[in-house]
Amino acid sequence: MTASPIVLLTDFGYRDEYAGVLKGVISSINPHAQILDLTHGILPQDLVRASFVLTSSVSYFPRSSIFLVVVDPGVGTSRKPLLVKAGEYFFIGPDNGVLSSVVEQMGHPRIFELNHPEYFLSPVSSTFHGRDIFAPVAARLSLGMPPEELGTPCPKMKSLEIPRPVKTDQGLDLCILFVDTFGNLILNLTAEQFSQWKQPGCCMSIQGKNQIHKISTVCSTYAKAPDNEPFLLISSSGYVEIAVKNQSAWKFLDLESLETRIWLEASPGNEAFPVDQGD
Amino acid sequence: MTASPIVLLTDFGYRDEYAGVLKGVISSINPHAQILDLTHGILPQDLVRASFVLTSSVSYFPRSSIFLVVVDPGVGTSRKPLLVKAGEYFFIGPDNGVLSSVVEQMGHPRIFELNHPEYFLSPVSSTFHGRDIFAPVAARLSLGMPPEELGTPCPKMKSLEIPRPVKTDQGLDLCILFVDTFGNLILNLTAEQFSQWKQPGCCMSIQGKNQIHKISTVCSTYAKAPDNEPFLLISSSGYVEIAVKNQSAWKFLDLESLETRIWLEASPGNEAFPVDQGD
Amino acid sequence: MTASPIVLLTDFGYRDEYAGVLKGVISSINPHAQILDLTHGILPQDLVRASFVLTSSVSYFPRSSIFLVVVDPGVGTSRKPLLVKAGEYFFIGPDNGVLSSVVEQMGHPRIFELNHPEYFLSPVSSTFHGRDIFAPVAARLSLGMPPEELGTPCPKMKSLEIPRPVKTDQGLDLCILFVDTFGNLILNLTAEQFSQWKQPGCCMSIQGKNQIHKISTVCSTYAKAPDNEPFLLISSSGYVEIAVKNQSAWKFLDLESLETRIWLEASPGNEAFPVDQGD
């Protein structure tokens, strides 16, 4: 039998000791725990981004992995600490919606409220439940303790809305979910939604600082893209992104904020997206 | 029997290969070593910050953990390389004070100077003792080699002064120990010291770029804090911090430097701190 | 028998989940894999820097380590995915030159093209071969599968040119290979090349924003260096670097770009480099 790895996803960043302390707590309870960092680079309190990262990453991890998710703006309030089994995975984190997308994707959730303080560190601080509640519970779960002993069944959990495309008279209003390290802009538009729109007369527009950029190229790879021109691509996570070959689209388009306006329209007179043949 | 994990704390950052190379050296000597990153995000040569991180984190790690601390502005000089056993932990690093607070906290130190070059990499460079001296010694210690074989007893070690609050006629002059990822300002004031001052007529002041901010709210959690107003909180490490709910206090207070003036005063006419009831 | 660790070197940064997903894929195939992060902080698509990091780090890792190198601007094109055995190490990555220096240094390479899709994830995306091709192959190799089963022998691989010093009438034209976390400038000049030039009348010059800085001090350690003055030092990797004691040379010299002009000249009238005695 192979132990369940504990996968860490937090907004702690890398300057402080917080992520390291989680590892210390886990190792103190289960010295043989396998700990994997998903990322600690979620921007502070960015539940949407964390939810998205979790959803697009989960299936690449071993079955029975325990995801320890600490993006927790409500720490210290009455929001519940949760353990959820869904699909073949375990998710531990606050009941603030950050777990809802992945749990919905996995299906058949069994939700537990973590309310057995004998399995927490003592005393429990009001500012760092990752250390005092979530990490000790994850470690005990990785030792084989059943969820039923760690908490009490709970009928439902809070939902997080990932913003969906908004239909308008002209087309769809979109938004940027996040900008990745390479400066690619990941949009709230799935490959499937996009396929319904990718037709003659359909064009993506994005409001830059001083001008509107119109994007009319779809490429199957970065390498096939033209130079010095923004293009659309289905990212590896299944969402549409705006990219520029060998450059940061964020910088190329001279954006100043994630809040910029983006829309997809199917107006007469626009040319079709030229779609290459993929590979 | 469970092996001792090796816990890494450095100012190497994440852009370079230095932290990775430590892991290579350790794994080359002890392929089964469990290596945990505390953080590599200490600002270059910031001994006070590293000392603080170590002190506030140590007790969350398993007994017999080996802390490998490489914040080493004097590398290549005659400062001694040390191995210290204190409490149930081992600390390896330069004799520049970075280990003194944690060793004092743990008590009953046994200090060894690392002067057996047969246990170092050869040749020893003058710029990277983390790789050439400290990592190989940590790996051998994790294999069970006793400290007595790795070094020679040493009567004392250098002390680092964490700046203490300074009493003035009006109250206490304080300073910022560090700013965490969330923009919270951690002060050189412990919960215990603060409890002696938290009384009617007591107020925290901080010099911003253009104005003095007076802080008169103490909250037990971030969530209970008012919006758009700085407040005081006992951080999870036991020190007082200045925070702003869902914002960076650093940015909110428009600070430009860690060197800004902060003081706590108990002058007549100031209102008492409203302290909520905690949870 | 000890398993081979898998050593990760990428330009994924730490904000996104990409590096974490590699670990998930590896652990899904080999739950006992030991995964070591070399760094994920290579700047996007910086093949020279990645190549340099690999070359200067490899010998500190255990024999039979598997280096998984994902700096891959040509992902999705026809560039081959490779597995190379050289020296006692394995290297997995794209055939874009990033592996060539380390393979040349190790010698006696056996090169395989990874063309057995049954060992990849399915489907293979066009944007993330690190996840879909390289990580699964690394995991299988760490399980003991022989390279011959994972790919087909391949006669040669692409070479990356690390820029070499250029001889001029006056001396050598150099360039900055990279700037490390501490702000030290690592030059494309090896200790050996430098030893041939370190003689009376030899001086390093670097073009700052508003002035040319002449550097005439060589130190064997940072600590022995004078204050507030740039100096030369042989870095721990064997290359010459420009440093300033307890400061960032990058900031001290007021540089704005890596593309600045640097040259070493042996003109009459310049004083010899004062070289201290080392330790």
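Remarks
A, B and C are the chain letters, set down in written order, and residue numbers restart from 1 in every chain.
Assume contacts are C-beta pairs under 8 Å (C-beta built on N, C-alpha and C of every residue); 3 or more make two chains touch, one makes a residue touch a chain.
This one's a predicted model, so the numbers in the text were calculated from it and none came from an experiment.
The touch graph of the protein chains shown is complete. Superposition angle, chain A onto chain B, using Cα atoms only: 120 degrees, a multiple of 5 between 0 and 180. Look at where the CA atoms of chain B average out and do the same for chain C: the two points lie 31 Å apart. Multi-chain contact residues of chain A, defined as those touching 2 or more other chains: 14.
Against chain B, the residues of chain C that register as touching in their complex are 2-3, 5, 7, 9, 14, 34, 36-43, 53, 56-57, 60-62, 65, 180-182, 220-224, 233, 235-236, 246, 278-279.
For chain C in complex with chain A, the residues that touch the partner chain are 11-21, 23-25, 27-28, 31-32, 35, 44-45, 73-77, 125-128, 131.
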